[in-house]
Amino acid sequence: MIEQLKTFITGELGIAIGIGLLKSLIVVVGALLLVAYATLAERKIWSWFQSRIGPNRVGPWGLLQPIADGIKFLMKEDIIPRNADKPLYILAPFLAMLPALLIFAVIPFGELRLGGYVLDLQIVEVNIGVLYIFALSSLGVYGIVLGGWASNNKYSLLGGLRAASQMISYELVLGLSIIGVVMTTGTLSLRGIVDWQQQRYILLLPQFLGFVCFLIAMVAELNRGPFDLPEAETELTGGYHTEYSSMKFAMFFMGEYAAMIGGSAIISCLFLGGGKAPFGWQLSFVPGPAWLFLKMMAFIFFFMWIKATFPRVRYDQLMSFGWKFLLPLALFNVLLTGVLISAGVL
Amino acid sequence: MKLTIESKKVEIEPGATILQAAEKAGVYVPTLCHDKRLKAYGSCRMCLVEVAGSRKLLTACSTPAADGMVVSVNTERLNEIRRRLLELLLVHHPLDCPVCDASGACRLQDMTFEYGVTSGDFSDKRKDIPVVTNSPMIERNMGRCIFCGKCVRVCDEVKGVRAIGYSGRGFEGSVGTAFGVPMDCEFCGNCVASCPVGALTSKPFKNKARPFFLSEETSVCSYCGTGCRLKLDYSDPEQHSFLQGKLWRTRPDDQDELTAGSFCGRGAFGYEYVHSADRLRSPYVKRGRKQEQSDWPRALDAAADGLREVASRYGSAAVAGIISSQATNEESYLLSKLMRVGLGSGMICAPAGLGELAWREAAFEILAGLPTAAAGEITAADLLLTVESDLSESHPVLGIRVLQAARYGGARLIYASARETKLSHYAASDLRIKPGSGAVLMAYLGRCLLEKVKRRGGLKGLLGLGEFTSSVRKLTAGKTARATGISVGELTDLADQLDAAKKPLLLISHLAHETQKGSDYARAAANLAYLLARLKGCDPPVVFASEFSNSRGVLDMGGDRSLYPGGNLEEVEKIWDVKVPGATGLAAAELLEKIEAGQIKALYIAGLDPATQLLGGARWGKALRKLDFLVVQDIFATEASRAAAVVLPGVSWAEKEGSYTNFSGRVGTFKPVVKPLGLARTEWQVMMGLMERFGVAANYPDLAALRCEIEKLLPGYFSGKTRNNKPGGTLMPFVTKGLVEKPGGKYRFLMLSGNSLFQLGSYSGHSAALSERMPRPVVEMSGRDAVRLKLANDDLVEVVSRRGKLRGKLKVVEGNISGVVYVPAYVPGAAAAALLPAPDSKGRAVGCAVAVRKVR
Amino acid sequence: MLNMGPQHPSTHGVLRVVLEMDGEIIVDLRPDVGYLHRGIEKIAEHRTYNQVLPLTDRLDYVSAAINNLGWVETVEKALGLEVPERAKTVRVILCELQRIASHLIWLGTHALDIGAMTVLLYCFRERERIMDIFENYCGARLTTSCFRVGGLMRELPEEFEGLVRDFLAYFPARIEEYDGLLSANPIWLKRTKGVGVIGARQAIDIGLSGPALRGSGVARDIRVDEPYANYERFKFIVPVGKKGDVYDRYQVRMEEFRQSISIVRQALDYLPNGPIMADAPQIVPPSKEAVAEDMSALIHQFKLLSKGYKVPAGEIYHAVEAPKGELGFYLVSDGSEMPYRLKIRGPSFVNLQALYQMSKGCLLADMVAIIGSLDICLGEVDR
Amino acid sequence: MAKQKAKLEKGITEPKLKQVDQVIKQYKSVPGSLILVLHKAQEVCGYLPPSVQNRIADGLGVSRHEVYGVVTFYSLFSTEPRGRHTIKVCFGTACYVKGGNKVAAALSKELKVPAGSTTPDMRYTFQVVYCLGACGRAPVMTVNNDTFGMVDPQKAVEIIKGYK
Amino acid sequence: MIVRHITALLKGLSITLKEFFSRKSTQQYPEEKRQPYAAYRGIHYFRPGENGEERCVACGLCAAVCPNHCIFIEAAESEDELKHPERQYAEIYSIMLERCLFCGYCEEACPKQAIALSRRYDMAVNTRNQMIYTKDKLLAEGLELDEESVGGEIKKTGRRSLWGA
């Protein structure tokens, strides 16, 4: 038995699984770390926009703030409202966080060359990665809707409902806006799309309309920026997570940030060539993942910037904007891409 | 007479001043030196008015109004003059407002503010005169004085004491005593109360509270039977952020027609006992031989159980209650009901202090039978006869009335006493009679009047005439002269004066002022009053001043023998809805004897210390220890409370609601201004607690409900209607009963005892200022005796009787009759009661033989 | 049914609105006030006229100085007291600064309600400078109590003029910044235009006042219509809106920033020398120097501060243009040292009554914008 | 009021008091005679110490404070023993302006006592008064009953030397 | 239309971006203590007298003028002439700071210039009792605050002297 196990572990499959687990571990830990520091970044960046300096008490420049926050969340009293739907109430935060983390499975972070050995920095390569991502991000809303419903609070319910409808509306735009990319690259694999771009050119300019639609829909999808209606703390006092406290609230929170990071990774991969150095710079000493990371950061900064600048749109305005403006635009983009492809421009 | 003031028409009596007219017209005329008790003075010039047709400005306070006058008060010219006057007053005034007691209630401040005086054209050094602190109780800060002269004039015109005068001139002028010696006066506080600024201040109040923080409540004085209305200045925790309420001072009420704005030393400085450190703060219950601190439910249970046990073992007649004459009407009523209904015992005693013998008689014969004269009749009288009483000492505010009448009212004051007192100096005839001979004197005068009344046929319907006539037949002028020590001529003269007077008034006090008066004294006074009434065709003209604040009310409420509340047994039974036990009340002497004989085993003492307040105090001390069970309710620890099985802490009058009935039947109500100290509770609530434990219905949510029930028995009692149960008119035979103890041998002085200006009852001893003023008795002795004993003023002497002794400071009074020493009664630690014998059942005046010796 | 408040981020304090909702559409609503009731009107019946002044700080606590002005002018009117010109001018300067401060709070919170969070921080940054000016003058930043019956609390300190001038130079650029952030922003326009409309007729009927009324096109401003202090001396225009929607009210207030700046500048240039207190020894306490050496001054100090002054019996109403509208004090005096009855017409309270008309049938999110555009202060609504 | 045996003050003897008693007896029944009696008593005793004042008060039946008040009110009564010569320097408006204060200062220096007191050798009593009624000759001083006008400090010192 | 909207949006973004790089207005409170202006109405203190005496004579004006009745005084008489030259002094003097409005009326009322409001604003404490400032605390506070920097400026700016003209 032990022998068998030993063979299995040292066997090819075993090593593959081992590497897979290792990679998952690194990505998950890395993602969570990123999430943690994204919160800090958000607070810092907002404060700089707002003529403040933000958290600076814990550690130098407040760098240990996320840890302090984490400890605080752990120590806080966990409150479950008396009339809440208890199982769902507990389940919801997990549901909100899990899909956001699962997205990281298919993101091609690039590859690391260690001597002759090439380490593929992607947990798993799925040839329909894009579809997988859409599937998962649609799942993310369940957490929010369930949380909103299970809290047995009217504000939470409204938040949940808003989230659901917003998700449904913008999922379409999201999907339509990358059809151009898919059409151009001819693959549904994220790796494929990135490789395509690395070999040829990045798709930002050719797919600019798609990019804009995708970006806007992304913001809505992530419940951020001017489209943070499900939370809308000045209207719904926090929306779906009104009743949540302690670690459960933290999980909603982390889910949101994980989604944001994941989202920025995806958009970087889809339109900016992932780990590719921009403008064809031959800067091979800068590893690919670093470029991806930089691009992601730029998007995260952008999300924060618009949230710091713009007022929140209204729920019905969001809907009509999505359906009446963005959707046609995305469709137009598909049409345009088709035309351009058939014209051989792309 | 009609005149116009500030375009208001007003009609006044001739002789009134412009100021009085203005007051009637409701026009405000500013004054600083005016006081309605005093003669017009016109020094402050604030009341200057313009009179049409007169070039000069006239002072309203001193100018008589004339018919058809047109007066203006508020012209710009006058106001400018007033501003200037005030400016001048302020030039030298020290910048003292922050530390001045008057600040906030200062006339000078008010005026300055009212007329908007701003700093003017004058400037000079501010006065920096040292404060004169050498007098007790009163401090003089002459820098603040504005020379209105009210204090000097009040002292002279109202009190007749003349303890202070003006001195110096100009900037050095001040008010004070000759050569700056400490003031030595009655310390009545009227000068302080009348000072419009803060020049005269009361030491106990000084620098303690600011007038603008104080709330005011009208109350009644808790000391003597005059029943002066007082204003209590207290701090109300709800008004400002005071941590607790406190009574800060008392002031006279100038709206009270009885006092006209005066009070006495006890009223002015005697409030301090309310916050005395000696107060009882929690109930005590005796466990074994020790009294232990307890709480109310336990203490009340213990008290009720103890009384009930004695009652069930020895019968309810073995339980007695004794109540102080400083208890309120409501408490007395509740005690009466508690004893009679709850315990089924009629053994209730309402002793009247040291003057009990005369008082009990008076209670039956005079108060219950006569509409007694009120204070106003003193002023109206043209002849005042005071026999063995000095109201100016025992009832200082009534004394003021007497003095005013004698000095300014045109009344002849006849003062007959063994002592020389202030009244002697103002009396038209000052008769020095032998101690205890007042009854004889009055009986003789009665005999003289009898003939005159008979001659005018006014004797119809007068009962007891025959017995009276025969009892006084042998009382000739010569015999009376021998008994009293005054000449036959003086006697006849006195009788003639009584006959000639239009409105004579007999002023007597029940307390043992001049001697231990016997029942014959009260009877003689009653007889004389009846006869005078017949002669003059009026109500019996007698003021019978009661000793304590509620001596009269306690009896009205059924505190004494056969006097059920309202005096009507059937009525009482109807209202109370029970059978009231036939046994009726006791005299203090009887109670004492019964305790000594072991017939009474349990006693409930409400607010009194028999050892220091009742005749035969020494015997009382022993008797209390014989009791099986003793409950004492008091506000201070006393000899009685130390012997008690249960001690129930009561509260002072400033902490409770209640009412006192004064000598003339006026009921004065008061409200609490301070929260009860510690665990102490108001007596009526305690009594209700006990009643509950005896199963007596005590459904009084508040005192109003209780008063309602009382008024069913005594209709109109609290609204001031005096009752008159017995239609008057029974003369009583005159008998001289003599003294229980006559001086002789080693004890060759007769000791007289009475109320002093500063000590009365048990409260005054706990008022710091009063005790400081009279820490030990001042023993009066005649000049002749002093020379014989080689004693001088201020010598420390010891007065020894067969029962006890006390030490005091000697005061030689030249005019006193020799063979007599006078000792103030209630000085703490030197109770005269301890020296006095207990009375016997015959109603003889006790008398007390003492020896006096110098202490080295 | 939905309870909005009393603990809700956008009800500006402790307003509670009971909403009847159909989805997110408000079918019916009922504002419920009183959660911040401190009984100021009742307390005032047991306070001297001077002691009421610090209480007025706590009405609309973001415009304390104007409340102070309303109160002292009411008492001065009842007393028939004329205030020196210098005092009046200083009052105008402080009140207009206070108006800017109050509007800054409005703008910040209004923008925050609509989701533009950064504006709030900018507004507070600017407001701090006004607070500094107040602190420099009277020692308090929020609860100023800076006027006294008869004049001012104190003479202007040395640095005062410099501080104000600095602010005047600094602030207009900031207004442009807000304009840039909001006025043309499509989301902002979407959220505010055509929302919470109330017509001029209806606005007058409800009794709206201040920017809420002017937004509907009624040029009513007490500073112009019934000038108090010395407002008649300064030139400024009364901005009005057209449609009476949230955006119009926003624009009116934005313009008032500029007008207030202009008034402050005019007043500062005009500022005459002279006494700062009326010459009325029976009302105005004497100076400390006088108290230290003059007996009559000491007496006046004692009488005035321990008991206060008497105000002639009668009834009086006096209103000032507070940032939120007409702030009126209706004072009934029985001739004693304390008001017999004081009724405060708080503009927020009256303006809040328009909430029903404005928000019925709109979305929950609109209601937040409407409440913000009404600029209520619950301290004043509940008093 | 009890009579107290007071210790006799300086210069007051029993015979003098007897004389005072005589005066009191003479005027006892005359109303308003207090000032007269005090005046005569001062003639007898030279000044009015407490014992004399109290004697008069008790004798006339007025309060001691009243007598004290009258004595302290009128400047002609003295409660202190007086020197053989009384010097008065006028401080009235006219005299003051003309240098009365300088005269007083010089005298004070010369006599080594402040104004209002008596030299230890009982030779002079030096007082300052307000107007002697001779303003036309300001500054004015008097010694006993002699009046000197238009004095200056030196002259004043000369003048008083003449009085032994 | 769309262009205008987009420019407006971009303008907004540019404004915030500009702020992103400009100086921040935050103050680091416990380290950077803000010095309030001299007129500031902070925690009360008793000004020490010129010769070390207590200035307060317990005249009660501060308590009378206090709109919230948060000053409690019990006066008494002193034998110590040096410490209490006017004999009357405050035996108990306490301010319930939790009730205080910091209106400064007490300071304006004080005829002896005894009580004053300092520039101290940090008054957080752990128990309510600590918010009751007794006389000892006020006196200690007065000695602690440098008379030159606080009391001196009080005289200079003269807020106290300006109840009136």
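We call the chains A, B, C, D and E, going by the order they appear; numbering starts again at 1 in every chain.
By definition in this document, a residue touches a chain if its C-beta (ideal position, glycine included) is under 8 Å from a C-beta of that chain, and two chains touch if they have at least 3 such contacts.
As the structure is a prediction and not an experimental result, all values here were calculated from the model.
A.B. asks: Which chains make contact with subunit B and with subunit D at once?
C.D. replies: Common contact partners of subunit B and subunit D, which must touch each of the two, are absent.
A.B. asks: Treat touching chains as neighbours: how many steps, at the fewest, connect subunit B to subunit C?
C.D. replies: Steps on the shortest route: 1.
A.B. asks: Any idea which chain sits dead centre by C-alpha averages?
C.D. replies: E
A.B. asks: Which two chains have the most contacts between them?
C.D. replies: C-E
A.B. asks: Subunit A to subunit E: how many Å between their CA centres?
C.D. replies: The mean C-alpha positions of subunit A and subunit E differ by 53 Å.
A.B. asks: Determine the centre-to-centre distance between subunit A and subunit B, using the mean Cα coordinates as centres, and give it in whole Å.
C.D. replies: 96
A.B. asks: If you average the Cα atoms of subunit C and of subunit E to get two centres, how far apart are those centres in Å?
C.D. replies: 25
A.B. asks: Could you check subunit C for residues that touch two or more other chains and list them?
C.D. replies: 118, 122, 125, 181-182, 185, 290, 292, 298, 301-302, 306-307
A.B. asks: Going through subunit A residue by residue, note those that touch at least 2 other chains and give them in order.
C.D. replies: In subunit A, the residues touching two or more other chains are 49-52, 308-310.
A.B. asks: Counting only residues that touch at least 2 other chains, which ones in subunit E make the list?
C.D. replies: Within subunit E, residues 9, 12, 15-16, 19, 25, 59-61, 64, 111 contact more than one other chain.
A.B. asks: According to the definition already given, which pairs of chains are in contact?
C.D. replies: According to the stated criterion, the contacting chain pairs are A-C, A-E, B-C, B-D, B-E, C-E.
A.B. asks: If you look only at subunit B, which of its residues touch subunit E in the complex?
C.D. replies: Result: residues 97-99, 103, 206-210, 212-213, 240-243 of subunit B touch subunit E.
A.B. asks: Spell out the part of subunit A that touches subunit E in their complex, as residue ranges.
C.D. replies: So the residues of subunit A in touch with subunit E come to 45, 47-53, 56, 305-306, 308-310.
A.B. asks: List the residues on subunit E that touch subunit B in their complex, please.
C.D. replies: Of all residues in subunit E, those touching subunit B are 57-61, 63-64, 69-72, 74-77, 86-88, 96, 99, 111-112.
A.B. asks: Would you tell me which residues of subunit D are touching subunit B in their complex?
C.D. replies: Residues of subunit D touching subunit B: 2, 4, 50, 53-54, 57, 63-69, 72-75.
A.B. asks: Under the touch definition given earlier, write down the residues of subunit B that touch subunit D in their complex.
C.D. replies: Residues 156, 162-169, 172, 176-179, 783, 793, 811-814 of subunit B touch subunit D in their complex.
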